[in-house]
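Worksheet: one structure, shown below.
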Amino acid sequence: MANGTAATISEPSFLEYKSGFRSWFYTTDHKRIGILYLVSISIFFIIAGSIAIVMRAELFTPESDIVSPHTYNVLFTLHGSLMVFFFIVPGISASLGNFLIPLMIGARDVAFPKLNLGSYWLYLIGAAILLFALLEPADTGWTFYTPYSAKTNTNVILLTLGIFVLGFSSILTGLNFIVTIHKMRAPGMTWHRLPLFIWALYSTAILQLLATPVVGITLLLLIAERTLGIGFFDPDKGGDPVLFQNFFWFYSHPAVYIMIIPAMGVISEILPVFSRKPIFGYKAIAYSSVAIAIISFFVWAHHLFVAGISETAAIIFSFLTFLVAVPTAIKVFNWLATLYKGSIQFHSAMLYALSFLFLFTVGGLTGLHVGALAADIHLHDTYFVVAHMHYVMIGGTVMGFFGALHFWYPKWFGKMLDDTLGKIAWFFVFIGFNVTFFPQFFLGVQGMPRRYATYLPEFEPLMKLSTIGSWILAIGMIIMAYNLIKSLYSGEKAPDNPYNSLSLEWQTSSPPILENFKEIPVVTDWSYGYGKKG
Amino acid sequence: MNWVPEVASSFAGKVDGVLWFVTVLSIVFFILITVLLIYFSFKYKRKTENDETPYITGNQTLEIIWTVIPSILLFVIFAYGLIVYKEMRTPPGDAVEVNVTAKQWIWIFKYQNGKSTINELFVQHNRPVKMVMRADDVLHSFFVPAFRVKQDLVPGMYTQLWFNPTKVGTYDLFCAEYCGTGHSQMLAKVYVMSPEAFSRWEKGDEEEGTIGTAVTKASEELGKDLYKNKGCIACHSIDGSVGVGPSLKALFGKNESLQDGTTLEVDENYLRESILIPQAKVVSGFAPVMPAFKGILTDEEVDALIVYIKSLK
Amino acid sequence: MSENHDEHITPYKTYIIIWLILMALTVITVYVAREIDLGSINLFVAMIIASIKATIVALFFMHLKYEDSITWVFALYPLFLLSLLIGLTSIDVFNRIVP
Amino acid sequence: MEQLTADHVHVHHIDPVEEYEQSKFGMWLFLGTEILLFGGLFATYAIFRAKYPEMFHLDHLKLDWELGALNTIILIGSSMTMAIGVTASKKGNNKLLIIMLAITIICGLVFGFNKYLEYTAKFAHHIYPDTSIFFSLYFMMTGLHMLHVFIGLIVLLIIMILAIKGRYSASYNTHVEVGGLYWHLIDLIWIYLFPLLYLIG
């Protein structure tokens, strides 16, 4: 992209221009709000991750020895709820999206900066409600299936209320992003010059905007069921428990894509930079993001094949489910083709991007097993699903998230990360992740049901292996966290554009100045013009 | 190590067929992608800072190929899954019906001859059975890996599944839908019996069926088996911790206060009544949720349980 | 998207006319439902009238008529999703087998 | 951006026309969210009405359709006054805007008062949200709608105060337009709730 903004800028960066509590919690600067989200979601990631370690430790032996079955149920409820609603849904979208969207489209801020701050406060309010909910935590699983969630005497209301509030935070963030991307692109930034990360976040924002309200009303009805005694989901009052599952997954399946599409966007940015080649099939990748955003609304009931839904519905939903696999496959092939004849540099961010390709492929392909009707009947609610989901969520989203952190770290904080340490951490994360979750595919096929506090002795060897893997994974995470924090203090000062990227965010200072650019850049080309034309 | 659980129903092999088909396809694509990924990564590893790279932005033909081929394969998987699914969902007309009721955290099976069992399902070899299922309280799910069947049980609504057991033996039945504290203890056994053994069981000469050796066991040991197999374990601990029901530890001889305000000392008669008709005298602080075991346990079995409870000092 | 900033200003008179039409439709829908009572197609008729009213409100009171295409997309897409939610859920609820 | 005092910081100047376009588009997006929020309830209604037609028929007779019709007239009227207010504001007629906002707010309050009468009458007859599926729907739908009326009233009140302070002109009336859109949505939802609940149970 040709523009003259890379000239040395003497203004203080957005990190330095002002300090103190108010300058952060009352800021309307999208970059600071991005950092606030980053810190908040990281805290929840650490909490929920630690819970996972305790759960795996409990599962080291078949009996319940570390925590009681009830506590175990509470733990997996918290692990799921925190990871899904507090970490991974707002994850890349709210933290990196906030930081990067205006920078990448050449704007000074998002369309509604005050609303943006409001979204973050809503997130904090949701988090505060959650803290109260922890006093007597729910044991329903993060899916809150009725009638159990309407009957259990643990505190379901506070947890769902917290998630309801977070939902509005998510809706308003999505709304903000859609308007920003529509109305605030720099001159010359046409739709077909937009970075693919922006396309991905645009698709995500549509899902956030239009799927979240349905889970909002569903959780509200659940709260009403517990407080007012209404009975839409209560069979004793003529209600239908499976209706709850329909409504819940109308949001929660698109939510899976709210989690994964931003990571796909990250990969589309990292691969070309470290291959020094244009992204392969720009339009195919861009449109497939939008296609996923649309089709993913039609597939929710593939979570319900054995829930008691009608056969007709099961068949229709199975078919639609296979439809949504097509755009995903297209993306993977295009990424792969991007590497062809490139000049590939194994930066730690690139390692995460490549492992994304590898792990997400496993996650995506095992999705076919559970999408096929007959196979799903056997695999549903077993460890196979647990493994599949973690391959998509960790192998996909979290790898993308880590890749993004390593990639944009110099831009956020103006410091270079220790790349060697980054690679060591990557090694442990990659190995640990696979050791933890790969055995779970076999456990699932052999019939080990999920959400079991105790299990039959025949599953013990693989369960032990999985637990050992979780320790390796934890070591990797600790090294990475150390690297991220250490580099803040002792990292080398980052140049404005350490990877010679063509994308707009690298054409301003590192870290960027308060209003991103000295002058709004004029865009003349797309941001993937690497390589020699000819 | 076995890749898949035992193949013990008429369609288990077909389900495995779908599983293997998808798995093989997945492995092919996985290998294709991984090999290319690793090959490209090393072949095109950066040599100098100024490596020249070609300006390739896409290829229409390739895009079409890798859109169309996966689409076709995906449709084939869908169709294959659908065909087997149809068979799994269509019970043959001559299937024997068994009524299944699930409640926190036991399975109750009622047979056409009026018998009923708890946490033990008896079926005849090579005779299709259809489960007509209902949950009493919350969602549960009937899952027998060896038969490749799974179906949720929903309160207020009947669901069904069928299978034709093709192998004599004993199989695990799991609850696969999360249902609360005792979820992972909500296990049962499926006994697939030869026609002779089954008709003997049906006639009722052999009430304990499974625990065929039970007669020879000492009462206390039999009681312990029953405690584990009949679902008591899900709600009543033996270590003093309070579950859904009172702990059995040191229960005998204890003074309990009841919900109607009276107190009594736990003796044999109270234990017997509480097993057979639990709702008669409920200890205060607990919900009256225990199922009645009248007609399910024999007198000898109740005696054995009482001996066992007495032994828990 | 919309580069055209000369905004359309609806005259007051239009609003009065629209209001009169809406009132008339309200009377019709009440009359049809309570006096004529078409039985099973009652729901159908009432929903058509309500949709006409809603369309008029959106087009004129909310000026959707003068909005750009992207606003139309985001105004109509939720309705499509809603029909999907109702339609596909009904396919499940009303086709379940009764053993 | 108000808190920034550093002199070397760019002034974030927002073009009022752009801001107007963005805000209006943003509000349309938000209305989409609102439609799907109510959508969950509409879907519930559709399912249970098909499942229990008799219950819906018998229960809906217990509702006071005349009061419902009155409320419909009031709310549609308020929608019209709101629309007139928007036009007035675009024409720079601040006085008319204030009058129209006042009428709209009064209509909203009367609507709320009628709802209050309706609810208390139901409670007096021992009809509560847990009485039947129909009344669960009735209370949830009208309750959520009432909550929106309440929020809408607060928004309009703030806009009216700002209008009295002379904040709006022919060239700047974003709040009025956006607040108006929200108020019309409340009307839109009611246009469906009225026949669904009061007329064709």
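Per-chain residue numbering starts at 1, and chain names A, B, C and D are given in the order in which the chains are listed.
Criterion: a contact is a pair of C-beta atoms (placed from the backbone, for glycine too) under 8 Å apart; a residue touches a chain by one contact, two chains touch by 3 or more.
Model, not experiment: these values are computed from the prediction.
Enquirer: Can you name the chain that lies farthest from chain C, using the mean of each chain's Cα atoms as its centre?
Expert: The chain lying farthest from chain C is B.
Enquirer: Based only on mean CA positions, could you tell me how far chain C sits from chain D in angstrom?
Expert: Centres of chain C and chain D (C-alpha means) sit 15 Å apart.
Enquirer: Measuring centre to centre with CA averages, how many angstrom lie between chain B and chain C?
Expert: Taking the mean C-alpha position of each chain, the two centres sit 49 Å apart.
Enquirer: Between chain A and chain B, what is the gap in Å from one C-alpha centre to the other?
Expert: 33
Enquirer: Averaging only over C-alpha atoms, locate the centres of chain B and chain D and give their separation in whole Å.
Expert: Centres of chain B and chain D (C-alpha means) sit 50 Å apart.
Enquirer: Give the residues of chain A touching no fewer than two other chains, as numbers and ranges.
Expert: In chain A, residues 178, 182-183, 210, 214, 239-240, 242-243, 247, 308, 311 touch at least two other chains, as defined above.
Enquirer: Provide the list of chain C residues touching at least two other chains, using ranges where the numbers run on.
Expert: 70, 74, 77-78, 81, 85, 89, 93-94, 96-97
Enquirer: Indicate the residues of chain D shared as contacts by at least two other chains.
Expert: Residues 21, 25, 29, 32-33, 36, 39-40, 43, 47, 51 of chain D each touch two or more of the other chains.
Enquirer: What kind of graph do the touching chains make: line, ring, star, complete, other?
Expert: If you draw each chain as a dot and join those that touch, the picture is no line, ring, star or complete graph.
Enquirer: Show me the residue ranges of chain A that touch chain C in the complex, using the header's touch definition.
Expert: 178, 182-183, 210, 214, 240, 242-243, 246-247, 250, 297-298, 301, 304, 308-313, 316-317
Enquirer: What residues of chain A sit close enough to touch chain D in their complex?
Expert: Contact set of chain A toward chain D: 11-12, 17-18, 22-23, 26, 28, 108-109, 111-113, 115, 171, 175-176, 178-179, 182-184, 209-214, 216-218, 220-221, 224, 228-232, 237-240, 243, 247, 514-515.
Enquirer: In the complex formed with chain B, which residues of chain A make contact?
Expert: Chain A residues touching chain B: 68-70, 73, 139-141, 145, 147-148, 151-152, 235-236, 239-242, 275-284, 306-308, 311, 314-315, 318-319, 322-323, 325-326, 329-330, 332-334, 336-337, 339-346, 354, 357-358, 361-362, 365-366, 368-369, 371-378, 380-382, 442, 445-447, 449-456, 528-534.
Enquirer: Could you list, by residue number, the parts of chain D that touch chain A in their complex?
Expert: Residues in contact with chain A: 1, 3-4, 6, 8-10, 12, 18, 21-23, 25-26, 29-30, 32-34, 36-41, 43-44, 47-48, 51-52, 55, 128-130, 132-133, 136-137, 139-140, 144.
Enquirer: Of all residues in chain C, which touch chain D in the complex?
Expert: The touching residues are 2, 5, 7, 9-12, 15-16, 18-19, 22-23, 26, 29-30, 33-34, 42-43, 46-47, 49-50, 53-54, 57-58, 60-62, 67, 70-71, 74-75, 77-79, 81-82, 85-86, 89-90, 93-94.
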